[in-house]
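Take a look at this one; I'll ask things after.
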Amino acid sequence: MDPLTGAASPDLRVDIGPLRLRNPVMTASGTFGYGEEFASLVNLNRLGAIIVKGISLEPRRGNPPPRIIETACGMLNAIGLENVGVDRFITEKLPFLRRLETPVIVNILGDSIEEYSRLADKLNYARGIAALEVNISCPNVKKGGVAFGTVPEMATAVTRSVRQATGLPVIIKLSPNVTDIALIARAVEEAGADAISLINTLLGMAVDIRTRRPRLANIFGGLSGPAIKPVALRMVWQAARAVSIPVVGIGGITTVEDALEFLMAGATAVQVGTANFFRPTATEEIVAGLEEFLRQEDLSSVRQLIGSLKTE
Amino acid sequence: MDPLTGAASPDLRVDIGPLRLRNPVMTASGTFGYGEEFASLVNLNRLGAIIVKGISLEPRRGNPPPRIIETACGMLNAIGLENVGVDRFITEKLPFLRRLETPVIVNILGDSIEEYSRLADKLNYARGIAALEVNISCPNVKKGGVAFGTVPEMATAVTRSVRQATGLPVIIKLSPNVTDIALIARAVEEAGADAISLINTLLGMAVDIRTRRPRLANIFGGLSGPAIKPVALRMVWQAARAVSIPVVGIGGITTVEDALEFLMAGATAVQVGTANFFRPTATEEIVAGLEEFLRQEDLSSVRQLIGSLKTE
Amino acid sequence: MPEFQEKSPVRGREQLTPDVCRLTLHAPKIAEHARPGQFVMARAGATLDPLLRRPFSIHKATGDGLISILFKVVGKGTRLLAAAAESVEIDLIGPLGRGFDTTVAGPHCLIGGGMGIAPLYFLAERLMRAGRQASNPPVLLGAQTQAELLLLAEEFTELGYPVLTATDDGTIGHHGFVTELLDDILPEVQQVYVCGPMPMMRTVALKCRAAGTPCQVSLETHMACGLGACLGCTYPASGGGYLHVCKDGPVCSAEEVTWTL
Amino acid sequence: MPEFQEKSPVRGREQLTPDVCRLTLHAPKIAEHARPGQFVMARAGATLDPLLRRPFSIHKATGDGLISILFKVVGKGTRLLAAAAESVEIDLIGPLGRGFDTTVAGPHCLIGGGMGIAPLYFLAERLMRAGRQASNPPVLLGAQTQAELLLLAEEFTELGYPVLTATDDGTIGHHGFVTELLDDILPEVQQVYVCGPMPMMRTVALKCRAAGTPCQVSLETHMACGLGACLGCTYPASGGGYLHVCKDGPVCSAEEVTWTL
């Protein structure tokens, strides 16, 4: 109910496979810490879901500095997937998150198929987790080989193993550094994903011309922020047309207008990443903005917007 | 000779295969028209080379409007490769270009292998062309299939056919919308390219949330401008390490600092694209800036910078 | 046609309404060569967001090296321009494009809607200067509300033109579309010049076609370069194919254009 | 620790040198909770270029809800801030990070180099307020040239601190590094607080280590969030692993840090 007009509030609920969210606005992994970091600036209970920093079996130190560098309307990061590891996550970070009304989605990453499935298995036993998001892109970690997410067979294998290891909803997070995103999207759908999310960062680089060295110690970094939004939106549209599971849109989303573009292009929900850094209230503002937009357009549910793009 | 100090001017010459350029700064195809358009604002004789708008066998009308849209630190275009066709190019556009001291590189595009080779053949008979640049990306034209530049075998085939049809130096211009740029770079090197240039635009999209339609009539567009620089630089570095032919760097280059990043990452020359639109003197400023940088760093030739990036 | 890039310091700033602003800029070369209907591509500040220049009609060009642009704040680019303080330099390229054909004889009617009024002032001033004022029908000016029109209508009057106004909210002049004022006048005129929103120009163009009166329209499209290089500024031509508005326009004969809105 | 986001209007603007600027901002919550050594993440304007907030030490925080930042224009972000006119709102998040430990007893020495002087004023003021001025050795202030130091040195003197200065060009005080002034003073002090360029802090840290005197340093790294979320602001810790400067710092004990420049 709108307190002023008495009109029914527009319905913001969406379903990501078996997971129902109060609204379609989540935080992107690695850009919102473990939630607590934003507690004094954001009303965490207003969010659709909180996705935490990617978790591995063992704690990781991450890459040497420098790890971040600003670029035109974006940033490169080479954090190197620093995280506290699954055990400390469960004992130190989860208790805070469990007290929130907002569903918690755990982003997981691994070096091998086994690591992914062992992680999924461990998290089965932790209370207060609503779903897993599986990062199969990891462009920042120098692992002899290619990223899982760039080869359909490898993406399939990770998806299968996580699917078998957990009863939780499984969201597979895709890498954009591929020729054909629809191919990968279909592969993970067939392998049992409940949903897909995309995009992770685009692989990029920057050079310090004075020292003639890469600006990031890791040479490569992941490009994120408003700069990548057009690429992300295109991939979300392609993926949404390729699969019938829900698609979660990510990439440069900063304002409610950005979020609406992704929903119309076929995303059932969105994640806000880099914007949390420079506009920590972005998520809340988008939630409010969606309600406002639905009212203006006289729509009763945000679901009416999903995939509503007209192309002829 | 520096008129003030009497010191020898730094040497800006570079070789793109058999083609020697006075300096490494060219204009990117499609962003500088046929040269004339900038004649009143830029000293065309200061440029390393002029690359003209992509030419096809027959004139093309291009896509319906809207064709361009600004994005965060970038723009999307879906021009649809509008051009006057090779015959009118030779009779109407080339005479002006021929009068310049600056080498003219003709960017060519086709729908089929035969079209590329017929174009290359036709241009053999026109005076005043220094090299061909072969656009194998064309993300804007809706052609049943995938772009040539995304499949190594297709890239190889186009390169071979153009190589056989012409005695001019052949630069193959790569698409960035691929999983492994090094793979494509090696394929076209083996097929006989004298040089490669990259990147063409990243495939992107934008949505008008009021009309719920794509902002571009073509749905997809090519993303260019400063936003894509980190991705371009990464690909140039990867490609330069994969091949031994010269690499020409393109993507978001706006300032001399940008150009230096590409040279250090392994580019023998650079192309300025979108920057021509908002800063028409960008090319000239980069030429002057390179001289200045070489003086400051006490280097005698720009060639000392190429690939000078230190990575450990 | 000569084109120049000039770093043009702001010499005057007027706020006509909360979101309509007029800047006077020192751009001597552009001012000297500008003809009515031509435009400039403008850029304020060194930021890459917004990235592209913005096109604005030349609203005034005077002998003392000054030009004016009149614009409404609608997005990032116009917001930056509107915030430019005195003496800040705006980077201009111009004069660009094909202007109005002012050689046509006989009584003419100028019709401007919203910011489409901008180029019409320059046109009116030059037509007057060329001694074309004799017994002209009124200039027709339309806007959403009175505030936008007050000063502008007065300036046309000072030039010696009769003025008729129309506003969407009826706060001044005719309550409704400015195009509705044309019917009475059309029979007397031999040339119509119109600039404004597309639906308005379409209405005028169709009325003129019906009356057999030549009509010149000033088109608006998204532009990246303004120089004929990007090929982004296309508009469907009546004969098939596309017009490139920055070169073939912005001013075109209404008959060159497809009116299928 | 409480953190706030405040839209903070500019209440004062001083240009200390052509490229050093001091802004006074109305940020009552941040001013109330700030402790010396903490910082704010600032953002001016709505443009996405520059994209990220910029970290600045809190230079002053006063009872009337005002804070100051003192900064040098080095790039896009600082240029935008320096251009902010009176009453323009700067978007601030703060107070952030771990400040100086002011509970240590005994004589102390504050050493500031360049913009590293910024947090030291706030520190000096609070140390004085806590009644710690008795027979203190001088504050050591270094800069490239006189112009940067004049006003600041005077303000420290007004607080009641003796001041010794050093400049790279010898235009005021000692001609050379400010660290060279430390040798005479070090034996008398029980705590050193230093903020400035890394090589300077390293020299001070190593001198303190040799003398067995505790030393607190204020680190600088690139920061995306300032909130402990992005994990971008790492600095190698002496014990192995990394410090996250926005949370574990910016102020650290010199012994926590690896000094391998």
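Residue numbering begins at 1 within each chain, and the chains themselves are lettered A, B, C and D in the order written.
The rule we apply is simple: a contact is a pair of C-beta atoms (placed from the backbone, for glycine too) under 8 Å apart; a residue touches a chain by one contact, two chains touch by 3 or more.
Everything numeric in this text was worked out from a predicted model, so none of it was measured.
Path length between subunit A and subunit B in the touching-chain graph (shortest route): 1.
By number of C-beta pairs in contact, A-D leads when A-D and A-C are compared.
Averaged C-alpha coordinates give centres for subunit C and subunit D that are 53 Å from one another.
Put simply, the C-alpha centre of subunit B and that of subunit C have 36 angstrom between them. Rounded to a whole number, the gap between the C-alpha centres of subunit A and subunit C is 47 angstrom. Counting partner chains per residue, subunit B shows two or more touched chains at residues 72-74, 225-226. The multi-chain contact residues of subunit D, meaning those touching 2 or more other chains, are 48-49. If each chain is drawn as a node and touching chains are joined, the picture has every node linked to every other. Here subunit A touches subunit D in the complex through residues 30-33, 37-38, 40-41, 53, 61-62, 64-70, 72-75, 77, 79, 82, 225-226, 254, 274, 276-278, 280-281, going by the rule given at the top.
Subunit B makes touch with subunit A in their complex at residues 71-74, 76, 150, 177-180, 202-207, 209, 211-214, 219-221, 223, 225-231, 233-234, 237, 252, 257, 260-261, 264-265, 293, 308-311. The part of subunit D that touches subunit C in the complex is made up of residues 46-49, 76, 85. Against subunit A, the residues of subunit D that register as touching in their complex are 2-5, 43, 48-53, 93, 221-225, 227-236, 241-242.
On the side of subunit C, the complex with subunit A involves touching residues 48-49.
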